[in-house]
Amino acid sequence: MTTREEFMARIRAEMGKTRGLFPATPATRPEYPREEAEAIRAQLAERWPEALERFRREFEKVGGVFHRVPTLTEVPQVVTGIARAREARRLVSWHPSQLGADLGQALAARGLTPLPMPPGEATNPTERARLRQLAASAELGLTGVDLAIAETGTLVLRSGAGRPRSTSLLPAYHIAVFDRTALVESLAQVGVFLELWHADGATEDRGAVISFITGPSRTADIELTLTRGVHGPKEVHVIFVEREIRG
Amino acid sequence: MSQADLSVPFRQRAGSAMKDAFLQEALTIATTKFIGLRREAFGDFPEGEKLRDVAREIKEATLQHLDRYLEQLIDNVERLGGKVHFASTAAEARGVILEIGRRAGARMAVKSKSMATEEIHLNEALEQAGITPVETDLGEYIIQLAHERPSHIIAPAIHKTKGQVADLFAKELRRTVAADPEVLTKIARGELREKFLQADLGITGANFAIADTGTIVLVTNEGNGRMVTSLPRVHVAVMGVEKVVPSMTDLMVFLAILAKSATGQKLSVYTTFVQGPRRAGELEGPEELHLVLLDNGRINQLAGPLREALYCLRCGACLNVCPVYRQIGGHAYGHTYPGPIGILLTAMLSGPASVKELAHASSLCGACAEACPVRIDIPRMLIELRREVDETKIAPRTERAVFKAFGRLLTRPVLYRLAARIARLLQRPFVRDGAIRSLPLFFGDWTRTRDLPAVAPRTFHERWKELAREAPP
Amino acid sequence: MTAPRVALMVTCLGDVFFPEVGVSIVRLLRRLGATVEFPPGQTCCGLPLFNSGYHTEARAVAARTVALFRDADNVVVPSGSCAWMVKHEYPGLMQDPALKKDALRLAGRTYELSQFLVKVLGRRGFRATVGGRVTYHDSCHLLRGLHEAESPREILRNLEGVEFVELPGADECCGFGGSFAVRLPEVSSQILAKKLENVEATGAACLVACDAGCLMQMGGGLRRRRSRVRAVHLAELLDGGGA
């Protein structure tokens, strides 16, 4: 068995034989990620309509469906519209504390079947298995969005308590709700937020996974024919809420 | 395994591939499509050229401080609750993974597409240990059912027709369905969904690992990477040491060019950042996370002639543009990694003797280097390998004798001119209308499909005297 | 401006198989006012040895060539690949410091023909020796080694008396690749076949290239299929001329 020490010693020995191919440095990281992130937010507070338009264009290009509503109150209507057209009922959702609103009642009132999920972890293994089967049986998954990247039409979702990974993965239809505060323009800007989320002193209060989602699950592995929904959702919808969700 | 039989000379393996009519059509369609998509993606992305330079520099910078970044990565993965393992060889990597599987009492492992696990031939080892490996990338799933190996880094089953896939599903899954990609995909979704929910072990590669945060990054289009890292109880990621990048900021540079190079997408559908096992408060996620750091010939090249091949992102762009790959496909190469970069990686893993034929499977046209997102100078290293094959006397004796004689001829102008005259005499019986249609011996390798120009009645050397006189005073 | 002095590096293929190309270049350059020299005793640039990995032998050939062209003001080469060898590989091959210095100087003064005409002499307007439609194949070393796509096209677009059309896949290899063409003849021939299908689809009478290797491959293939398309070197098309 190779130990860490042996392994690293081998690497150092080989590194010592060369100075490399050319002088090189890694990318320049933001020195003050918090301030830079705030600056991006401030710019987006003015430029968000352009960013949103670009996001919509790119999101639709990758096969996403874009919806827009004035306030959270209209979200259940859109969700049920999507569900009805697809004869889907069973819905899993991020916990209301993470979604920014409790839409369960409104959705149930419109004929959907929200499947209750706990706000945090399930310690009992049997209970965990039951919840997993429940999530796997859902047709619709409703989540929030941490960042929406205009350049690529991408949704960034962080897992955590009340934010199961499976909500955006197992159901055939993923519906994500967001507002203007989630918008960023570019991958470079996302880099700043990712640095911020991991900056010294940043509490690891979220789960262990960050997911970038750029459209529905796809494959072209059989004769290069594009097919959606191979493992993950076959449709991804976003609902943009004009009034800030946590405003 | 239907992997090409390495006892058959490469030239014959290539020849058989060129006789496979479906493969030929599939290759042309696939590579042409990928080339177009890539070109379009970068056409819409003016900053792409600059970012490719930056990405290249990050790769080089990382290798220059590889020890530091790996130590950082290891510390951070462990801080987040993961365990890091070290494998010098493929066998050691297999041993480590089997031990993890045994301890977990695993009976089934779901895998997302990973060239590193292909490289160490993990599936056979898992099977022998009683752990059923299930490939979950659709292309990999198909070729696993067919007991084959991937023929392209990112499109492993491009050599199969939908009809062949339907037959395969009928035979292996006892599901008889139409030869329609949509229907076939749905069947696979159902089959694999069950496996995801049952499997104890999730095995992945890693497209990147971020030193600064201990993050393992997986890029997929299907979502199987997310399944494999969220549902099974244990997650094992296998990664070559060169995949580490310093920071999130660096990662963004690679993400901006990786999918564009591979499939022409701005980003692949899923980029998954895994930071340790399930955390408190999370409903899902593995209880254990293991990262296996793999050497297997890489470390030797830090100061070796193939160092630059350690920049490779495994995007497959060099395969699509390679005129040789486009004719013969991936299997004929006979190793895990096909195409121009594959020749270098094979030499890295198995030594230069393993590529004494393959080192010449390139016209050195340079299309690979041009398409490479990090501008790896593949032709330069192929020449370097040829040199090694010559100098270590791995090359055939007759070949070396011919080239050495040719070298002597070229440094002796009198002999050189004499040789031209002798060739002119010898060619006489074969020349018709200034060209040669057929020659004996190995010259026939040229003339079978091409005329050869005859040695001119008078060489330029012989014409120079009168040309010199034409000069205006 | 004083008449430029040009030393012609005719190359081995140019010497033995395509002397007409060399003759055309000499006459063309003279009409353009240059003094043309032909350093005697030249053989080959050594690229075939170098690319096959025989670097000791290539070094000996290169050292000779560096010495032969030491006093040249400008070196013109009818093949992109040989020009690339001189410009890119010679300096690295030389071990003797004095030779390395000479090799670096030579690298700076060596030009592929179309580059010399357009970039050094500033000539782009020529009359054609033939009429009809012509198309152009980018040789790999000229395009991706010397990054030259424009000079030959500029000449062809302005060439009086012919119609220039782009070749689909012009930037794709013709399958020559030196010893590659005989080590893997089946692969090489299939690459060539696809190239020639594209060539014939253009309806061109002439396929132009700036590399003797590509011309040997494509010309040989065209003749074998009894095509009406002729593979010609750029120099053979240029009949002196104007601006």
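Read from first to last, the chains carry the letters A, B and C; within each, the first residue is number 1.
The working rule: a contact is a pair of C-beta atoms (placed from the backbone, for glycine too) under 8 Å apart; a residue touches a chain by one contact, two chains touch by 3 or more.
None of the values given here were measured: they were computed from a predicted structure.
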Chain A to chain C, fewest steps along touching chains:
2
Quick note, more Cb pairs in contact for B-C or A-B? It is A-B
Centre-most chain [mean C-alpha coordinates]:
B
Chain centres from averaged Cα atoms put chain A and chain C apart, in whole Å, by 55
Quick one: chain A and chain B, Cα centre-to-centre, how many Å?
31
Interface hub residues of chain A, defined as touching at least two other chains
none
Could you say which residues in chain C touch two or more other chains, in rising order?
none
State the interface residues of chain A toward chain B in the complex, per the touch definition above.
1-4, 6-8, 10-12, 14-22, 24-30, 58, 62, 117-118, 120-122, 128, 131-133, 136, 151-154, 159-162, 164-166, 169, 187-188, 190-191, 194-195, 198, 204, 206-225, 227, 229-233
Any idea which chain B residues touch chain A in the complex?
26, 29-30, 33, 54, 57-58, 60-64, 66-67, 70-71, 74, 80, 84, 86-88, 92, 96, 136-139, 142, 155-158, 160-162, 165, 181-182, 184-185, 188-189, 192-193, 196-197, 212-213, 221-224, 226-227, 229-231, 241, 245-253, 255-256, 263, 265-285, 293, 295, 299-300, 302-303, 307-308
Please output the residues of chain C touching chain B within their complex, sorted ascending.
10, 12, 14-20, 22-23, 26-27, 30, 35-36, 38, 40-44, 46, 48-58, 60-61, 64, 140-141, 144-145, 171-173, 175-193, 216-217, 219-221, 223-224
Show me the residue ranges of chain B that touch chain C in the complex, using the header's touch definition.
10-11, 14-15, 18, 323-324, 326-328, 359-367, 369-370, 383-391, 395, 400, 403-404, 406-411, 413, 416, 420, 423, 435, 437, 442, 445-446, 448-456, 458-464, 467-468, 470-472
